[in-house]
Structures are given as C-alpha cells and as structure tokens.
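Two complexes are shown next, each including chain A; its partner changes from chain B in the first to chain C in the second.
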Partner chain A sequence: MDFIRNFPLFTIILSLFSSVLCMLLDGRWAKRYTVCYECLLIALSGAVLWYVSATGEPFTYVMGEFPAPWGNEIRAGVLEALLAVVFLTVLLCSVLGGWRFLLIDVEHSKINLYFTLINLLTAALMALIWTNDIFTGYVFLEILTLSSCGILIVREIGRTTLAAVRYMVLNLLGSGLFLLGVILLYSLTGHLLMVPMRAAILEIVAAEGGVTTITFSLAVLTIGLGIKSGLFPFHFWMPDTYGTATPTSAAILSALASKAYILLLFKIYWRVVGIEVFQQLPIHYLLFGLGILGMIFGSVSAIRENNIHRMVAFSSAAQTGYIYMGLGMGSPLGYVAALFQLIAHAVTKSLLFLTTPRLARVSGDSLLFQNLQGSGFRDRSAGIFFTLCALSMVGIPVFAGFSAKLFFAVAAVESGELGVLFPTMLALAVSAVLNALYFIRTVIRIYTAGRGGSEISAPRIYAEEHNDADSAEPLPELETRSERRSYWVSALILTGMNLFLGLFSWVAVDFIRRGLDMFA
Partner chain B sequence: MNRDKFRRWLNGEADIMGDILDGRTGHDLPRQDQRRLQREAEEVAIVHMGRVIHSERRLFSAWYRVAAVLCCLTLMAVFLYMVAHITRYGAENPRVAEVAERYVERGLEETGATNIVAGMILDYRAFDTLGESHVLFTALVCVMILLRRDRKNMRTAYEDYYRIQDEDYFPTNQDPIARRVGGILVPCILLFGVYILLNGQISPGGGFSGGAVLGAGLVIFASTRGDGAVDRFLTKRVFQWAAFCALSFYSFAKGYVFFTGANGLENHIPKGVPGAILSGGLILPLDIAVGLVVACTMFGFYSLFRRGTIGGGDEGKEA
Partner chain C sequence: MLLFTILFPILAGVAASVRPMPRRTRLQCYAAVMLLTDAFAVWCMLYAPPVRLFALTETLDFHFALDAIGCVFLSVVLLVYTAACFYAFEYMSGQEREEAFFTFYFASLGAVMSACMAGNLVTFYFCFELATLSSMPLVLHEGTKEAISAALKYLFYSIGGALLGLLAVVCLFWYGADANQFAAGGFLDAGRAAGHESLLRAVVFFGIVGFGAKAGMYPLHGWLPAAHPIAPAPASALLSGVIAKMGVLGVIRLVYFSAGAALVRGTWVQYTWMCLAMGTIFMGSMMAFREKVMKKRLAYSSISQISYIMLGLSLLNAGGLTGGLLHFAAHAVSKGTLFLCAGVFIHKLGRREASRLRGVGQLMPVTMWCFLIASLSLVGIPPLGGFASKWYLSVSAVANGMGVFSILPPVILLVSAFLTAGYLLPVAVDAFFPGRGFSVKQEFGDCPDVQKRLPASTGKTKKQKAVSLNGAAEPSAFMTVPLVALCAAALCVGLCGSWFAEALGGVIRGLV
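Up next, the complex of A and B:
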C-alpha cells in the first residue's frame, strides 16, 4: 500500500494532538504552531489530491484491524481531497487575517484556548470530509458544534454570549434531529458504515412500503442539518452569530462550519441513500423550494440591514440558499454547481468577514453605514478587497460568484424540466439584482467622501449621540507591521483563489466532476 | 435574642429561616441598591419599548403557538409511523443482526476483552470513541473560556465582593458532619472508581463510568475538605498535563493501531489472557486515559462553575 494513503489519518490525528498541545502553549506560540501545522495539513491533503487524481480511483482506509461492516473506515477521493485543501487554506487565511482583531477581542490568557478550539474544529472538518461512517460523522459533528460555540463565545461580551446561546440551542436541536435520523436509518438497515447501509437501503426501497420509511428518516436528518447550516426558515440565527463574533470566528463559522454540515448532508445523499434513490424522493423538491426562498428572503433581510456585519451575514443565508437550490435540482450538473458555489462562497465570504471589521476600525469601531462613509479612503487596502468580494458576490464576470451563477443557469437548462428551469432563472435574476442592491450600495457608501479620517471614533460618535462633549479621545491603536502583513497575505491568497475560480472555473469543475464520479 | 425570635416565630410573627434564605443582614445594602437600579432600568425599558414589543409579541405568540403545535404533531406522527415499521426489539431480522452477531460471537477472540461492550467501543469502533473523548475535552475548553476568571468577565471589585460572599455563604467544609462523612466516603468512592476503571475489559464499566465516579469523588472531596485541599495536589499545571497526557496518548496509541491495521502490519500489542486484568490489548490503557479525561472534565466543570478557576492560580486577580 502506498504511504500517501495514510495521510488522511495523519491529518485527523495531528489535529487532535495539536488541539491538546495548544492548551499547554502560550497564546502567541499557539498561533505560530497552528499556522505551521495548518501548512503541513495543506501539504498532506494536497498530496492526497495529487495521488487520487493521478491514480484515478478513490481508496478506502480501514481504521484498525477490522474491515468494513464491523470497524470504522475513511475514504478519500478527488472531491474530498479538493475540499480538504480549500477548507484548510481558508482556515489558515482566516486565522492570519483576523489575528489583529483576535488580540483585541480575546482575553490574552485565553488565546491558547482559542487555538485549542480552532484545532479541534480542524479535526472535525477533516473527519467529516474523510469519513465513510455515518456515526463518526455524528461524533465529529458534535465536536464541530461545540467548538463553533466556543470560538463564538470567546469574545465575552453580552451580545456575543446571547448569540452563542441561541446558536448552541439551535445547533443542539439540529444535532438531536440528526441523531434521530441516524438511529432510524440504523434500525432500518443495521449498519452504520455508508456502503453497507446503501446496499440495505436499496433492498428496503425495492420492498413494498419501504420508500416512506426511508423518506421520513432522511427528512428528519435533512431538517437537522438544515437548521445547522442555515437553510431558509432556520436562517435567523445567522446575523447575530456572524455579526457579533470576532472576525476569524465569523469567517470560519460562515465559510467552513456551515459548509461542513452541507457536505455531510451531500455525502449522505450520495453514499448512504444513493443519488438515484434520492432523486425519486420528494425531499429534493423541498430543498429546491427552500433554497430559492432563502436566496430571496436572505437578500431582502440584508437590504433592510443598517449594520454592515449583519448585512454580510444575511447574504450568507442567501448564498446558502443557492447551494440548497443546486442540491434540489435533481440533475448531475446541479450538484456540480452546488459544490462549486460551496467553494466559491467559502473563499469570498471569509475575506468579507475579515475585511469589514477593518473598515469599521477606521470608522470608530462602528459597523453602521452612516459612519462607514468614506472608510474606503481611510483604509485603502480594506476598501479594495471589500469591493472585489462585493463584485464576486453580485456575480460580475472574472470572479467566482459569476461562474457559480452561470453553472446554476446551465444546470437548469440542461435539466430539461420547465419546472426547474423557470424558477431557477427567475430566482437567479431576482437574487442577482437584490445582491447588487445591497453590495453595490455598500461599495458606493464606503467610497463616498464624507466624514473623514481622524474625525471619527467610537467616543466621538457616543458623544454626538448623547450630547456629551467631555468624552475623552482614546489613543489611536497602531497596527504592527507583522499584523498588517499577515492580513495582506491572507487577503491576497483568498482573492487569488477567487480570481482563479472565476477565470479558470473549468479546472475546478473538472475536479469536482471527477470527484463526483468516484464519490458514490 | 434567639429565644425572642423563636417565640415570635411560634406566634407566627416572624420567619425563622428568613435570614438564612434572604442572605445575611447588614451586608445587603449594595445588593438592594443593585436590585433597585435593575428595576428602574427595566421600568424605563418597559415604558419605551412596551408598546412595540406588545403588538409584535401578540402576533408572534399566536403564530408561534400554532406552528409549535403543528410541528410537534407532525413529528409525533412521523415517529409513530417509523416505530410501527422498525423491526421489533428482539425479533429476528437477518439484516440488522449481521454486525452485532460478529461482535458477540468473535468479540472475545478478536479483542481479548470479556466485556464485549468495551471491546466494541475501544477496538472495533475505536475511532468514534476517540472522537467522543474529544467531545468532552471540547466542552471543557468551552467552559474554561466562558467561566475562567479573567479581566473581561471579572470586571469590578463589586462583583468580586459578591463572589466572595456567595462562596463563603454556606461553607460545607466547616461542617463537622460533612467533614466526617466525606472522610469516610471519599476513599471508598475513589477506590471504587479505580476498580471500575481497571476492570473495564472484564466487567461492566470502563473509562467513561469509572472516570465519572472518580470525578464525583474529587467533587465530594473538594466540597467537604475545602477547595484548598484539592488545590494542593491538583494545580492548574497538573490538571493540564493530565488532560494532555491522557488525550495525546489516546490519539497516538489509536493512531498507531489504525496505521498498523490498515497497512497490514503486526501491531506488537499483546492481547493477554481473557479475564485477567492485563488483557484486551490496548483497552486497559485507553480506559485509564478516558477515565482521566472524564474525571478532569467533571471536576473541571465543578471547579469552574464554583470558583471560576481550576487549581487556584488566579488569572483575574492581578487585574
């Protein structure tokens, strides 16, 4: 057996070990260590990606001495390896880009604990990507949920705590439903590993009256993961959660954590149920409809927002809607488009969440639009990166967002069903206009000359609002060169990935297609 | 004075427990101030927001009740339907039995553990259990982030004042009965915990249950002998190193088994004689590691919720 086949196992074990190690380290060393080992993980996953695309077939890896139906196993194909590389890169960039705000938001004696949680989250992401066992999925989903709450609550201000409690309650509800779904599937099939489960499900579906039981268990599972990833009627936790977290956490939660849940759902559809069976079930109509509603309502809520962070968070709800719409289309191209959107959104949204606090920083720590006016001139780099991301979100050609929308349109045409074509096209058009409304409005706002530079600061705004002229001006906080450099590095990497996905989208699509061929 | 109070209580004029339940008299003024301020703030909020909230809430609560009832009914219907279609407990179903059969029939031979459950969770499906023990660790870290005292969540001396008040409110460690009973119970509980831990591969028990008993023993020890008694041997350093050693040993030991198993190598871990203490291969050391983590987590929760620190070393004090 080739040695590279061990790499997926190494990524999981290394992340688990690093999390415990970071608890012993001092905050700054924990960060340095985390950056180094994330690079190592990227290299390991990159090697796996190279290996599986060279050999052209996926491999399963038995965790221990006992083979498939009795022991655990993990499995790697092109799609898994690709997602691992993308997720890890985004994670690394989020840690680097938000480092300055981490020092402000997080109590210094707890920064090492923050990195402990980041590493646990990495381990959970890796395990969810590689796993071939539905119960392993559940266990690491729990780690993901808890560590997400932890990196949210670490800011220790009232609003964040409130948001974290709400996030935790909803997430635990989602976990509970997911677990119920797993239990139901297990009692029907008698297996927890995905491949034997699928064989049993095929038998059940062939038998009389079996489809309803499978549909019900799958529906419970879907609702559970839908709550966790912010599918339309359950998206209301997003603005508070993403809007109040420290930038690194917001980027990780919106770009990676919620995507990992979608990925697990996707894996269950393909590997546990089998995509042919799934397309016969009514669930995908539900996903299609809710996805479209999410696209529209997420954007409408974003337009009504007066706080830039919450606006970006609502746009996450809209973008999640795109992914679910793709899953619900029921055509192979729809899945490709959904996965492409998943990657494109992860790359764009993380940079947005890392950039908006910088705009706020030069506007007196205020996230309100009226104070952000002219902030694009005050922090030029942040203004440029925000504009680039906004253009990508709206769907301007050259950027990843455009390619994603294009693939959805193509998928709708190729599906050959009028019932899919018209709603999709309509939703894409409406949603693009709505996206443009709020993102372009923001770009215009930050590049409108207005209240300038040093005039604006949090105490000044407070004083204006309360007619209290005596509030003291605090000393301006200077950004050190290394902090600035780390933001630049992460922003450039993410923008580069964004442009690559926009300009050479066929490369990514080719990988995704090959991945899907070996995914089932 | 006490006799006077007693008579008044007999006459139905005063509540003898009132002082105890309401807090000590004499120290209560600042707290009353605090309550008054809070009440005033609430009144202001009610006056300003009342109308808006009221109209929104009426609409919402009507909607909410209908939706909640509908959701519950739907879920109930779905689960009742599912229960009717799942194989009955104990009934023969060849498909469902396939995996369990091998665990029962060949578990002893393949894992070396008389306790098949231990063999299952620590050998057949060890990867899940590896994740499960890290779930506990994650929860512990989250609680540490939230409750460990630091500059941010211990902002004022005022709060500190009340913390001290509450901490010494009813000091159990000065109660002679509790001290004596604790002195008798704690060794037994700890010994029992160790027994459960070490016999995990032979009899029902293992890391999770043994660790829970150990943790409970530590909690009782801390509450009957005072926190200082535990701080003497369980400092922050010891606590962190225990968790670190247990979890990293677990990760690497299992990583080694996964590696050798998947690559078809021999793993050099003797299975031992089934039924002896030293049997079941890695199950015993893994049980000890899991037990340490569980005990640490339980005691950590207790200590953090009670004092906001583990093992004394105060982060918040110098601020």
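Up next, the complex of A and C:
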C-alpha cells in the first residue's frame, strides 16, 4: 500500500492539470468534470487518511529523491489528511449548492473559466495543506490569492469589481508581509524546508542570540496572514468581499481560502518555530487579545447590518476570532479547539452562504431584512437550513458550534491561568449572546409574514425592477429539478457533517489530537 | 421508555398540528396527546431504567435517568401543563395560528420533561437550552413588535445565563471524579480540587447567577416582566409556573448534586446568594405593588416568589431545601391559577388592568373564587400551600444560626407577604364588593356575554323584570375545571404540608 504515499502529490498536480483541461471544456461539462474530479480527490485524501491512521505515523514524501536541504518535501499526517477531506467535501458542496446562482451570476461563456479557477484554487489548497516547505507555501499562497480574486470578480457587477480590487490590494499587502517574514527567517536559519529551519531556530533560541529577530519576523508573518484571514483589525474587507460574490465563491472564500491561511500560520508556529518556543514568545498574547476583540466587534458590526449577506460575512470575522483565541490560549487543548472550530466553521458558514441567496431569491433578489420577511415560508428548505445553521452559530447543543465553544471553555480551564480563564469565559458568553442577537433575530424575521407575504414572486418583482431599466433583460428561468436536487444534496451533506461534529465531536477531536501528535 | 416519553409529545404534537382536520377532532387529538403523555410519565416515575443515548467523550455520555428530585419536578410540571392544556382549548378558540401554539406547547412539554429526567450536567444543560428554544415561540405567539422584542430578550438572558452556567459545568468536570452522573453531595474529586476551592466557589457562584437568570433572580431578571405577560395566558402560566423553575432545578443540580453543599456553606458565595435572593424578593414585590396591568403584576410577583425558592436553597440545610421545594409546588399551582384567571378576564371581558376588574365577582364567581384562593395561598394564609412553605423557610432560616442572616429572611418574608397581600387581595375584594352605587350593567355593558342576558328592547318598558347577571360571563368548563383543579392542588399542598415535607425529607437525604 505504499503507493498511497504518492497521493498527496497527485492531488496537487492533477488539480493543476484539471484546471488547464477545464479551459478547453464547455461550461456544463467543466462542472460535471469538476464534480467527478473532486470526488476522486476526496477518495485520494481519504485513502491517505486511512493510511496514516493505520500506520500511526506521518510520512514525508521527498520530491525527486533530493535529500533534505535541497529538495522539496510533502508531509502527510492525520491532521493534514483530515483537513484535506473536509476542505474538499466543503468545496464540492459549495460547487453543487451554488450551481443555480452560478448560471445566473456568471456569463455562460465564462463558466468553464470559473471552473479553471476552482481547480487552481483546489491545487493551492492542497499544496498549503501538504507542503513542508515554507517557500512552496508562499508560492501557493499567491496562487490561492489570485484564484480567489478570480472567482470573486467573475460576477461582473460594479460592486464586485470594486470589492475584488480591494481584496486583491489587501491580500497582496498580506503576501508581501508574509514574504518579508519568510526572508527574515531564511536569513536567520539559512533554510526554507521546515524541519531544518526548526533545528536552526532551536539553536538560536538556545544561544539566546536572535530571539528578537525571530519574534519580529513571526509578528510580520502573523500580521500578513492575519490580514488575509480577517484577524480583528483587518476584518473590514470581509463584508464587501463575501457579500457581493456569487454564493459558491463566497462559501469557498470564507470557509476554505481564509482558513487555509490560518492553517499555514498554524503550520509555521508548530513546525518552523516549534510550539515550545512559540509559547515563550509574546505573540500568542497578541493573538489571544485580538481574537477576543474580533469575536466581540465582528458580532457588533453584524448586529448593525441590515443586509443578510453582509451580516453573515461579519459573523465570519467573529468566528475567525474564535480560532485565533484558541491559538493564543497557550494550552494544548486550545489548539485542538481552534482546529475543531476551523472545521466546524467551514461546514456551517459555507451552507449559510449557499442558503441566504435562496432566501433573497424568493424576496425579489433583495438581501435587505425588510424584504426577507416571510421568506422562510416561501422557500421552506432554505428557511430550515438557515435556521439549523443559525442555531449552530449561536452554539445550541447538538450542533458543531456548541461543541467548539465547549472545547474552548475546557481548554481555558485546562490552561489553569485565571488571566486566560476569565476573559475566555466572558468572551464566549458575550459572543454567544451577540450571535443569538443577530442570528435568531434573522430567523424570526424570515418566519414573520411581512410586506407582500407569500404573494411575492421573485420573477414578478425582478421583472418590475428591471423592465424600466433594461427591457431586454430576460426573466430568470425558474429553478430546474436538477438544480434543486444538487442544492439539497450539498445542504444535507453539510448539515450531516455539522450534526456529526456536534454529536460525535470526540471522534473529530480524537483525530485532531492524533494529528497534532504527529504534526510537529 | 424515558426517551419515548420525552419524544412522544414533541412528535405527536407536530403530527396532530400538521394533518388537516376539523378543529374539534384536532382538539381531541391534543387532549389525547396530553393525557397519554401524563400516563407515560407516571409510568416512568414508577419504573424506568436509565437510557444511554451516545457518548460525548470517553468519560461523558448523554443519558437520561429519573431520580427523586426529578420526580418531584416532573409531577408538578405535568399538573400545570395538563391544566393549561385544557384551558387553552377555550382560550385559543378563534385565535390565529392555534396549531403553531399547540405544536410548541407540546415541544416545550417534551423539553421540560427531558430537563427533569436529565442524568448528568451536560444532558441537563442541553435540555435546558432546548426548553428555552421551544418555549420562545410561545412568547412570540402574538407576533407584535413588543412580543418579538420580549422573546429576544428572553432568549438572550436565558442563553447568556446558561453560558455562565456552562462555565461552572466545565470547571466542575475538570475537577470532578466521575462527572458522568449526579451524585448526592457532589462529585468533586477531593484530591484534584484541593487548592482550587476559591476558583470552584467563584464558578459555582457564576453558575448560580446564570441559572438564576431563568428563575428571574437579580441581576439577570430583566427579561421576566417583559416575556411572561406578553404570551397567551396558558403559556404565561407555564412560563411562570414551571419553565422558569427549570432555573431552580439547574441550581439544585449544580450546587447539591455536582459541587456539593459543603463547598459553598459558610462562604461568601452563600451570603451573596442569600442577599441576592432576599433583594429579589423585596424588589419583585415592590414592583408588583406599583404595577397596574394584571399580568405584568403577576410577572413581578413571580420574580419575588421564585426567589423564595432560591432563598430556601441558599440556606443549605434540610429545612430550607424542603421549604424551597414546597414553595416550588405551591407557587407553580397558585401562580398558574392566577395567570389563568387573568387570561379569563382578557378572554371574556377584554380587560387587562387590575383596576377595571371591579365587580367581576358577580359575573364570574367561580373564576374569582379561584383567584381569591390562589392569592391567599401566595400571601401565605393557612391552610393554603404558601403557608406551609414559608413556615419551613422561616424556621430553618432561624435555626441556621448565622447571626444577622438567620434573622433577616423571616423579616423579609413577612414584609413581602404584606406587599403580596397589598397587590393581590384588593383586586379580589373589589371584585366581590364593588361598593355602593356600582352598576355591573353599566360597567360591563359592552361585554357580549352580558349583553346576551340583557333584554333586547329598550325604551318604554320601564319596569321590566330584574335581570340576574350572576355568573353571566362565567367561562365554559374547559376553563373553570382546570382552575378549580389547580386551586384544589394549592389547598392540598397546604393541608398535607407536613406529609409532603416528610416525603421530601426522604428525597433530599444525603444532599445537605
């Protein structure tokens, strides 16, 4: 079975090939191909997951058989394989669930290009998950950024372009900072592969020579990736970006792309610096504080929104804050909780972003709350899935969101420091109440009969709004059965994962624990 | 069996509401669901093995087990729910979205029962949240802006409070020996907890405040006067009578079954807790005294009365716990009666203000008598329910020997009793003795039930036969029978107080 050791590389290389292939295909075929191909990737990653948990130790794949200081490496453990499976499943569900809106938002001749970008993005995600080389990390970071911008800008309305440009500028700033950090570390250690870098850093710390430089370069790296992933003071780009993108893109960007950056940061902390060294540096206090601030202020901004998409986007900022808080806690369980939250959030938020446009669709394509009243009755399935996700976000037991909060609480107790325990508990309580404030309010709104009630019909309003401006605009076709089915499938898979994480959280936590043991 | 009993009302309630059928058949279905649930629950109390659902972690699983305290809560819950269910058949007639109301009615019944049956703290926490969520639509029922904001307030306070409770839960698990089951006297591992007592006390205090939010204890009481009155009357009776008591159950589970009373006794936690409870008793009574709208007045009164129970629990001795539990039963039935009576006034006469109930005694004597008896029970007049419980509370407070803190509770109880008499009894007195020159015909002439009795012709027949308006607006048996039954229960708690106390003595053995 040692053949499985090649699979991580396959997932990257094949994705690059597929992205070229999609350019040649027609739009619908590109979609079919991508769906089948994602299934194949899930199977491959699943095989890796099975392999590493069966052998019980991680493996390092040396490309071209060049030994350590020169070659390029891929490293696979339980954690990487688990994340690959989850990410790919969420990606698949996002593509399926948002297919209907893709047809509406994207010009038909460009749909194959969209899937080109999706495959490129998959390659970047896989590379960031598997790589053991910090510079490879940088290269695929850029690929991820560019393909993210691509899938953002593909919906050609003015606001999206504006948002995409802003997203691009901020992300390039982040990449620049990241590169700066990498260069600093390289000049300190003389390596780009993570394992020798760590050995060199341990020497430096033992000699107490360049700790300040290490701290500085880590801070630069953290800020760079923090900008990209929406850490607290840098979360302002989120609502514009996620709020205007086509649903599939919004789901992928918020659930996967920004999480991949966090994952890379996590990898650097564990593999390049080493967690023992990292915990002595003051950076984790910074993460802890900013994480908590993000939780609170993200929610506060979300409360003030009256556009459902932007509200969900701000809630992403809050949820990202949870992850950073876990990273900054400094207790082993804190990292487990952070990774659990990463997975839980990916599963929940992607479904939210796929569901809100459906509610808007039956409300005359309006995302404003006053028009969404009663939409839960007009599109029953979307109403139900939105409610489930909202409950998970608030942290009601049986859903993934609750388990994540529980693990954060346990981690805070485990850390044994009152300075961690009380802020965490307070932040969890306040943020849960704030989450309830906007999510439950929205649930109530979509279930109260409001203007027009159930008589509202999307095509009619659409026609009324557009006839004056552009009478040539065709009426959007009603949803076909296959489109509806693909939404149902993806929503059911995501909800199932959510419930699984909520009910059998210990399975996931067990995997994460074992993954962390073999991660460093 | 336990699981089935919990799921049955939830699923059957949904099934009965979704199927299209005439109203009469639907109501028969609801009645059947209610009675069957009662029967199943009684069976559970007599015999039901614990149910293990699934494992949350290696050492912690999700399971239900019914113990003695659970039985006490469960029986009161069933009593109030059954009474309010039949009452609602009449009250909800002609209202919109009746099916939705009953769906959530039975859903909350299932959730509250599950909270009574929860076998460990995690399960309890889960059921507690479920009870909050499923009872929120009851507050929301009217759909007005006021109702929505009240429901949201209810939700935030409950969830926020429950999260404070979760803090305690998590900390206790960390220092616990076997946290998977409730254990009389607490499950803390003495070795692990040694040296962390102050932390544990602090989190237990947070837990008390958190679960106390649901019970309307200061400082997290703000939601109660907003949420309870806005719901339809049968739902108000439930919210005040039993659902708010889930907070009490939470505190009992936390203090007596998880942390252990010994951890808290004689520390700042106990004193602060007592102060909060006494402060809430006084404040609630004062607010009720000043309030004009009947249901709001009753809600403030609930704040005050539920804190009696909290006070009993905070004494941390057997008498206090007995008194608290007795008062739980007495208050559940009395306040249930009062809210249902207030509902009758709204339903039949459309009157919400206490001052406009003058002379109602003639129109609906049965209802008003029930109102009077329940009021007397809350004030604490022997031989009614409230007397027995307050007696135990006062005696055990004095016996506790804590200086000022053993004198203060009886004083507060006395003051609050006077206030209670002040805000409830005048309503009843005015209703029966409206005073000279009061004409029922004039005052209630606009009410359809009264108009029916009045002669249709007007004008020349000056000397017509005197029309008797006695019992003119008395509601149907659907409403009066539950009222009388709850009153009888209040009387029963009072008359058999010592017998109940003895039985409770067996229940709480080993807790203090």
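Note that the second predicted complex is superposed on the first by the 492 of 520 C-alpha atoms of A that agree within 3 Å, B and C clash if a C-alpha of one lies under 4 Å from a C-alpha of the other, contacts with A are read in each partner's own complex, and residues count from 1 in each chain.
Note that a contact is a pair of C-beta atoms (placed from the backbone, for glycine too) under 8 Å apart; a residue touches a chain by one contact, two chains touch by 3 or more.
Please read these numbers as outputs of a predicted model, since none were measured by experiment.
Student: Using the superposition on chain A, tell me whether chain B and chain C clash or fit.
Tutor: fit
Student: Quick one: is A:Ala360 in contact with chain B, with chain C, with both, or with neither? Answer first, second, both or neither.
Tutor: neither
Student: Classify the contacts of A:Gly190 with the two partner chains as first (chain B alone), second (chain C alone), both, or neither.
Tutor: first
Student: State whether A:Val220 touches chain B only (first), chain C only (second), both chains, or neither.
Tutor: Touch status of A:Val220: first partner only.
Student: Just to be sure I read the superposition right, which of the two partners does A:Val398 touch: chain B = first, chain C = second, or both, or neither?
Tutor: second
Student: Quick check on the superposed pair: does A:Ile440 touch chain B, chain C, both, or neither? Answer first, second, both or neither.
Tutor: The answer is second: A:Ile440 touches chain C but not chain B.
Student: Applying the touch criterion given at the start, work out whether A:Thr448 contacts chain B, chain C, both or neither, answering first, second, both or neither.
Tutor: second
Student: In the superposed arrangement, does chain B or chain C reach more residues of chain A?
Tutor: B
Student: Tell me which partner A:Gly71 touches in the superposition: chain B (first), chain C (second), both or neither.
Tutor: First partner only.
Student: Report, in whole Å, the shortest distance between any C-alpha atom of chain B and any C-alpha atom of chain C after the two complexes are superposed.
Tutor: It comes out at 31 Å between the closest C-alpha atoms.
Student: Residues of chain A that sit at the chain B interface in one complex and at the chain C interface in the other, please.
Tutor: None.
Student: Where on chain A is chain C touching in the complex?
Tutor: Going by the criterion above, the answer is residues 391, 394-398, 405-406, 409-410, 413-414, 418, 421, 425, 428-430, 432-433, 436-437, 440-441, 444, 448, 503-506, 509.
Student: Quick check: in the complex, which residue numbers of chain A touch chain B?
Tutor: For chain A paired with chain B, touching residues are 1, 5-6, 9-10, 13, 16-17, 19-21, 23-24, 61-66, 69-72, 107, 109-110, 113-114, 116-117, 120, 123, 127, 133, 135-136, 139-140, 142-143, 146-147, 149-150, 153-154, 156-157, 161, 180, 184, 187-192, 200, 203, 209, 212-213, 216-217, 219-220.
Student: With touch defined as at the start, can you tell me which chain C residues reach chain A in the complex?
Tutor: 54-58, 125-126, 129-130, 133, 140, 143, 148, 151-152, 155-156, 159-160, 163-164, 166-167, 170-171, 173-174, 199, 206
Student: Could you please specify the touching residues of chain B with respect to chain A in the complex?
Tutor: Chain B reaches chain A through residues 78-79, 81-82, 85-87, 93, 95-100, 102-103, 110, 123-128, 130-132, 134-135, 137-139, 141-142, 144-146, 148, 150-153, 240-241, 243-244, 247-248, 251-252, 254-255, 257-259, 261-264, 267, 315.
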